[in-house]
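There's a structure below that I have some questions on.
For reference, chains read A, B and C in written order, and residue numbers begin at 1 within each chain.
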């Protein structure tokens, strides 16, 4: 028996002013699963989900297909998208302080989502806001629903964002760098909360992060992105124990360790290619120690390298040997 | 023999609660003593509001300590703006987090790297041009980037340019305030390696301030963990990050998500870091501390040496004294 | 809040005192009122008598002191020209001025703000460019030039509207338009940039991401934030209700405060000029005060009853 994916993305492409930002993404999210999207800035990990939910500015050209339970979202009517956004798929963002409306009380911002997706108003909505505040661990909720974002800390604001996301009882929560703007001990609190809520509600979680550690801790499956494409995907244990794509291997080698003897970091030479200067074939080839002329011939497709483990590289065998 | 030393340094600001409240003193840095030896790196870690950046500014001489003394190369830190201070500043340079903000957008990289040479009257025109080329080579910037403006460079290249400028006056100490925090992992590694190489080649000392424990562990010879203006633990980075003794360092280290197996069980702290304007009594960490005892609310534990040679400020960690 | 209000009020009063002092100094330095009013050919005895009657022969600091204490007592002096109380002369003219400035303000707000919002929402569209071209033209062309052009077209050429005077409401149309269009242009540009700034903020994306329909995102999330900077400009326009019509009143020979001002200045009619300046600065200062209070209403961040990070 196969379970149908909750969200199914096929050949998703995004261009801004003619320059490619996303160059063909295929990704399925199963109900209840936690998937990590990891990569450096500009790799398209956020754009993927902003595009999927129709949240990009009108200047973005989006093609491909994004299906939620079989319903196409790309080009869907605004009314359809408004039902999906915050209802079936909720999203939280990086900087909670600026992601909340500064002139509105935090309780009211959560209540707005309740009114939109669950038709709740008045006393019922107020009670539900309090319950949500409790659920996300905001102490003294009765007083705090009445205050403004600037009167709360970053961690508390992110909890409000999460309460707002939960208000629509979503089947999928997309968390876009949810802890990047927060201090380490607060990050631990928020990640704990997200993990607990995912278990409690059974919703799926897409975690977008530049931090390999965060993704490793939170997700069962990880997709590594580079220059607008997924280059490797695998269960997270496998990915971190046995990375196969040269870029994934490079990223892990560039990361300082927290344990064991210190070693010189293996930096990846060069930088990410500019959108107007994309290599013809594999986008990583100019920085790759294993690159040959063949790498420039065509964009490499996925090869299976193990159970549920795929990498987009034509030199997977030689890449395993020391460079 | 230390190059830079801070002795019992405090920095007190006046702040208001809200817009119209009465001014209240805030101790951003509270009795901090530390020293940096020539050619070595001291890392300072902590969360926002712990006073690490203020400590950096006091070390640079940009801010005067409210209490205590800063000494650099054997002499007391001169007052900002004096000729002595300017002379000293050539030996003591800042590497900031935001290189774009630290550069003049209208000037080319080469002009900006040359500027400190001009200010401090080093070399003649052609001599300076050679020096600029050598500096850019040292930080790994291609020669053709010299004539570009800051916004025409990538983040990593800008940080290299700022570093070249900081190195122009041949400083003995770099104060690096979150120098790689805005950079992606692959670029971060390039800059960290470069800093390590420059230190080895030129014998520069560094005060390396960061919230990123992994980076600090990588680059530091010694590390100080700060909480609410005070150093709570100080010592060898491998020892501290493998087995933190202070409950705050323990929580901080355990909070770092890492791919692969975890060595220390996660301690999730409740609550936010307190406001420096509202410092708890006794040990400032006690309201969030999972192992606090009654004594912790009453008296502030001093920073004491432990058996393995590090310093810890906690009532529950036995000193050797 | 009380402390805030007291502080603002104190500053407002100080501003008025400075304006009044400044007016006194400038007017006394720029010529002898006796010569201006009596004409330079007047016999010396008459001039001396005039100076004595108006206290102009006393030391300047004593004149200033007397003048200032009189103002504090609400005594604004008499017109040197026709001997009537200055305040009365000025009050008579206020309705005529408001007849121009109030409709002009309505035109600025009613045209400028919607145009600015529309342009922001349709950024870079043809409409946006047309609106912005008009806006730039609106505030780069001085109101008197626009007034003269309007007179040429609608009064001289077409003969539809009167070119001056105050016969009926129809006489007010051209002056109101020539004053209002420029302000509408300024306000449109300001509103547009405030809106664009707000629309780029993360909380707008948050609102969309939680399923708020676009029109409600604009109405409930963008406008309340964009209103904050826009209020400053509107406040400034309200502040110039009294003084904004000086030039246009002269162009259209409209018997308002502005024209009185021009006449009084050229006559060195000190009491009248000072009275008008007092009125103008009081309006300005009051509207600033209202703007400050409105900020507190619109922007909770400025109320300042709790410090950020006052977490548990």
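Definition applied: contacts are C-beta pairs under 8 Å (C-beta built on N, C-alpha and C of every residue); 3 or more make two chains touch, one makes a residue touch a chain.
Owing to the predicted nature of the structure, the values given are computational and were not obtained by experimental measurement.
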Review point. Which chains share more C-beta contacts than any other pair?
Key: A-B
Check your understanding: Which chain's mean C-alpha position is the greatest distance from chain B's?
Key -> C
Study note, to complete from the structure: Expressed in whole Å, how far the mean CA point of chain B lies from that of chain C is 52
Check your understanding: Quick one: chain A and chain B, Cα centre-to-centre, how many Å?
Key -> 31
Exercise for review: Specify, in ascending order, the residues of chain B that touch 2 or more different other chains.
Suggested key: 272
**Study point:** Contacts with two or more other chains, residues of chain A listed in rising order
**Key:** 153, 155-156
Exercise for review: Please set out, as single numbers or ranges, the residues of chain C touching at least two other chains.
Suggested key: 306, 309-312
Practice item. Could you pull out which chain B residues touch chain A in their complex? Key: 47-48, 154, 156-157, 184-190, 192-193, 196, 211, 213-215, 217-218, 238, 241-242, 251-260, 263, 266, 268-270, 272-273
**Study point:** Complex contacts: residues of chain C adjacent to chain A
**Key:** 201-203, 205-214, 220-221, 224-225, 228, 298-301, 306, 308-312
Study note, to complete from the structure: Per the touch rule above, chain A residues touching chain C in the complex are 50, 53, 55, 78-79, 82-87, 90-91, 93, 95, 98-104, 112-113, 116-117, 139-140, 147-148, 150-153, 155-156, 161, 164-165, 167-168
Exercise for review: Within their complex, state which residues of chain A touch chain B.
Suggested key: 40-41, 153, 155-156, 183-189, 191-192, 210-214, 216-217, 236, 240-241, 250-252, 254-259, 261-262, 264-269, 271-272
